[in-house]
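Below you'll find a set of structures to go through.
Okay, so chain A shows up in both of these, paired with chain B first and chain C after.
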Partner chain A sequence: MSIDLKNVDYVYDSGEPFEYFALRGISLHIDDGAFVGIVGRTGSGKSTLVEHLNGLLFSTRGEVIVDDEIVSKERTVLAKVRRRVGIVFQYPEDQFFAETVFEEVAFGCRNYGFSKEQVDESVHKAMSTVGLDLERFLSLSPFQLSGGEQRRVAIASVIAMGQKYIVLDEPTAGLDSGTKLAVLTELEALRQTANVTVILVSHNMDEVAEFCKEVVVLDGGTVAFQGSTDAFFSDVDLVDRTGLELPESYRLARALKECGSSLTVNECSTSRMLDSLRLCVSDLGGA
Partner chain B sequence: MALSRSFVLGQHYPGTSVVHRSGALVKLVSTIALMIGVFVATKTVQYIPILLLLVVGIGVSRIPLRFFVRGLKPILFLIVLTVVVQIFFTPGTPIWQFWFVRVTREGLGLAGFILCRLVLLTLVSVLLTASTSPIELTDAVSDLLKPLSYIGLPSAEIALVMSIAMRFVPTILEETERIIRAQVSRGARIGEGNLVVRMKSFIPILIPLFVSSFRRADDLAVAMEARGFRVGSPRTRYHARHFQSFDACILLGTAAALSGVILWRLFL
Partner chain C sequence: MIRLDKVSYQIETSAGAVQVLRDIDLELPDGSISAIVGPNGSGKSTLARLVSGLLRPTSGSVRLLSDVDTQTVMDVRPGLDVGLVFQNPDNQLVATTVEDDVAFGLENLELPHAEMVQRVGDALHLLGLEQFRDYPPHRLSGGQKQKVAIAGVLAMKPSFLILDEATSLLDPTNRREVMQTVLRLNNELGIGIVIVTHLLDEVLVASRVGVLANGVLAAWDSPRAVFSNQTVVELGGLVLPLSARASFLMQERWTDFPLCLTPEEFARATCQLI
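Coming up: the complex of A and B.
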């Protein structure tokens, strides 16, 4: 099971003089249980691509296939696809409307006809996944929470539906760095425990290097790269050409190498670099 | 996107023609004058002066005809309804009869007259809004209201409210679409089911929309005050316009068309 895009074009105002290709010949493959990053500069088509994954937009040409189901405007197909792919949009707390946190998180479950017990169970599970204390929050108004708590409730309101694929469009935008890390760690835990596929749209390359094993790099509505995150960040020219930046840790590793320092580390994400540095230091101590 | 696209009447078609560059106040005044002219006319032929001016205006503006046709669409139903009513329900000399359905000469004439009236009114206003940006238009309205400020009407504030409202129409439409996408992704079905269910399905859209609009209004007020805006203090304009020769042409043309209609009605 997987998400596949085959030669997808998306054209705004097709046939009009202002015709504009937002996506052009996109082909990609996302495996079950993966943690995939979608990166690219502003206007490269990331958000347009994301909206194809659960049938909010329909390709002008080409096919979007979610688990053997070709996404189309047909009602039954659309219902199936939306049941499988959840999207957390940018600033998802802007969608709040319910009186209590519980009602907010339960909204999706109710829409999909969960029984009362199922709703209770899903809400509790989702809240603990995002690390919020149930008893404290459930009866509060979502509008009185702090920014980080609101973001977590919004994420919980999507993952409560128990979809197989969760797409998050910049889920950490505007959060403090501690909360950023915590939210992504919770998503990684969700992936491991519930085998949920996580698709992360992000501008933060440190995040991407840390959490995504694979990346899809978009540039001008086309796929500039798809493959392992390490392979992408080691191709400095490609990173530059697609208007992106190297993660801090990769830059540090390159800088050390370039200045001929005796201390060399592999190019890798911050946490892995820290691990290898610790190992270095303990070796030195042992010697 | 879909919502903002269907918002045609009152849409701007940017361009650099003489019609686009002439003053918004001039265009607004001449649009009002032409509309008065349309209502002054009592026979279809009396529309000719207005039609001539409109054809010249549309030609010079270089706005595609397609754009005007689209502008007619929203009132298509109204046009068809009135025309049908006029054709079949006007008493007079019958020229075609079948059972109780009767078409009279007077009915046809009246239908044609009303058809022309509605089409002309729409085309005139489409030409105004297509060739004038909303901001220019609100400035023109505020100029038009200025004399009333001497009798206590806060014309500058009214113009400000109007221009802010216009400025935020696309923003709020976009926001609405964003919220709809988010709620649909959470399994919401909007506008389905019976009336009660359907009304309820709008709650998850309306509440976030209100919340964000209030927040936006607050932010805007703070941002304006931070940049020195004070209610009641005199304001200058960034784009100062001076009366130009083609402004005079438009006014003269309008005056000619309007007096043509009036003279035609009085003396012919």
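Coming up: the complex of A and C.
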């Protein structure tokens, strides 16, 4: 099972003076159970791309295939695809409407005909996944919460539906660093335990390096790179050309090498970097 | 400068009154760069709105003082003295073209037409938006929209600019660009900057960092002092930069290893040592 894009073009205002190719010839393969990052500068087509994954937008040319189902405007197909792919939008809190946090998170589950017990269980699980104490927030209005809390409630309302593929469009913008880590760690746990596929659109290269094994790099509506995250960040020229930056851990490894430090570490994510630094320090300690 | 004296702010909810901020004392000198950090829900955005005059404190005062003549005291006029840029540009853009959007605030000031044109032109130029002058804002990317929002605020010629997580939705290049622009505005025009942020590199450009925790100002100090204080770091929900965590690792073995905040600093410090 996988998500596949075959030669997808998406053209805004096709045939008109403002005609604009948001996506051009995109071919992609995203495996079941992967944690994939989608990165690229502002305007490179990231949001347009993810809106194709559950039929919010339909390709002008080419095919989007979700688990062997070709995404089309046909009702039964769309219902199937949307049951599998959930999207957390950039400003999810703009879509709040319910009177209480519980109702907000439960809404999607009810639509899919969950029983009362299933709704309760899903809401509880989802709220703990995003690190919110349900008892405290249960009966509050979602409109009363702080920006970061709203963001987390919005993420919970998508996670609660238990979809196979969860797409998050810059979910951590505006979350404090601690919460950011906590939410992503929980998503990774969800991936491991429930084989949920996580597709993360992000501008934060540190979190991409930490959590995404693979990365899709978009540039001007085309795929500039698809493959292992490590391989991408090792190619400094490509990172620069695509308007991105190196994660702090990669910059640290390079800086150490450049000044000829005897502390040598491989380029890798933050947590792995701290582990190998710890080893180095204990090795060098005797000297 | 802007001076906050014992500023408290409370809101009424169905569950009773909630104290969002309590007894905040703060001085923001003209032309200074400050950062405000803290966990979600700690009151950062409320503080930003209070400083900009959009909200009035429940008790205490937010005043604008002349640095030269400390006798001249007045209330902050929202939009005029302090410009505020929010996270989501879509909620800040109103007009059908970029140019009109930047002019929107000015239209309420009854300025002569020539001056309006001049100010809009200057603002577009400062943000590098000239080529988008006639574009409908909704056709721009997130980063471009955010620059339009900043241009609109700058056209009002405020003495302070508050960025409430204004770059958190931008890509690294745009973020750097916006930050460079903001620093240039500070440097060339002497605009005071307050950056509400979760991003570390934005904290490091500030001379003072305010750490909010549960509505109280837990610290008001230099970035280095803030990051050295474990209690403040935890209270503020901050995750230390890798370089700082690596420095602490080094300190376990070499106790006088300095606290480094960037990879470059860390590399230099290790090379001097081993």
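By our rule, the second predicted complex is superposed on the first by the 284 of 287 C-alpha atoms of A that agree within 3 Å, B and C clash if a C-alpha of one lies under 4 Å from a C-alpha of the other, contacts with A are read in each partner's own complex, and residues count from 1 in each chain.
Here, a residue touches a chain if its C-beta (ideal position, glycine included) is under 8 Å from a C-beta of that chain, and two chains touch if they have at least 3 such contacts.
It should be emphasised that the depicted structure is a prediction, and the values quoted were computed from it without experimental measurement.
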After the match on chain A, would you call chain B and chain C a fit or a clash?
clash
Quick check for you: in the superposed arrangement, does A:G220 touch first (chain B), second (chain C), both or neither?
neither
Based on the superposed arrangement, let me know which partner A:G260 touches: chain B (first), chain C (second), both, or neither?
second
Scan A:L252 for contacts with chain B and chain C and give back first, second, both or neither.
second
For A:L56, select first, second, both or neither according to whether it touches chain B, chain C, the two together, or no partner.
first
Would you check which partner chain A:L277 touches, where first means chain B only, second means chain C only, and both and neither mean what they say?
second
If you stack the two complexes on chain A, which partner ends up touching A:M161: first (chain B), second (chain C), both, or neither?
first
More residues of chain A in touch with chain C or with chain B?
C
Quick one: is A:I87 in contact with chain B, with chain C, with both, or with neither? Answer first, second, both or neither.
first
With the two structures laid over each other on chain A, which partner does A:F97 touch: chain B (first), chain C (second), both, or neither?
first
Do chain B and chain C touch any of the same residues on chain A, and if so, which?
94
Inside the complex, what are the residues of chain C that reach chain A?
13-15, 38-42, 45, 87-88, 90, 139, 141-144, 165, 168-176, 198, 200, 237-239, 241-243, 245-246, 249-250, 252-253, 263-264, 266-268, 270-271, 274
In the complex, go through chain B and note every residue touching chain A.
1, 178-179, 181-189, 203-208, 211-212
Which of the residues in chain A come into contact with chain C in the complex?
18, 40-44, 90-91, 94, 140-141, 144-149, 151-152, 170, 173-181, 203, 205-206, 243-245, 248-249, 251-252, 254-256, 258-263, 270, 273-274, 277-278, 281-282, 284-285, 287
Along chain A, where are the residues that touch chain B in the complex?
12, 51, 54, 56, 82-83, 86-87, 89, 92, 94-97, 107-108, 111-112, 143, 157-158, 161
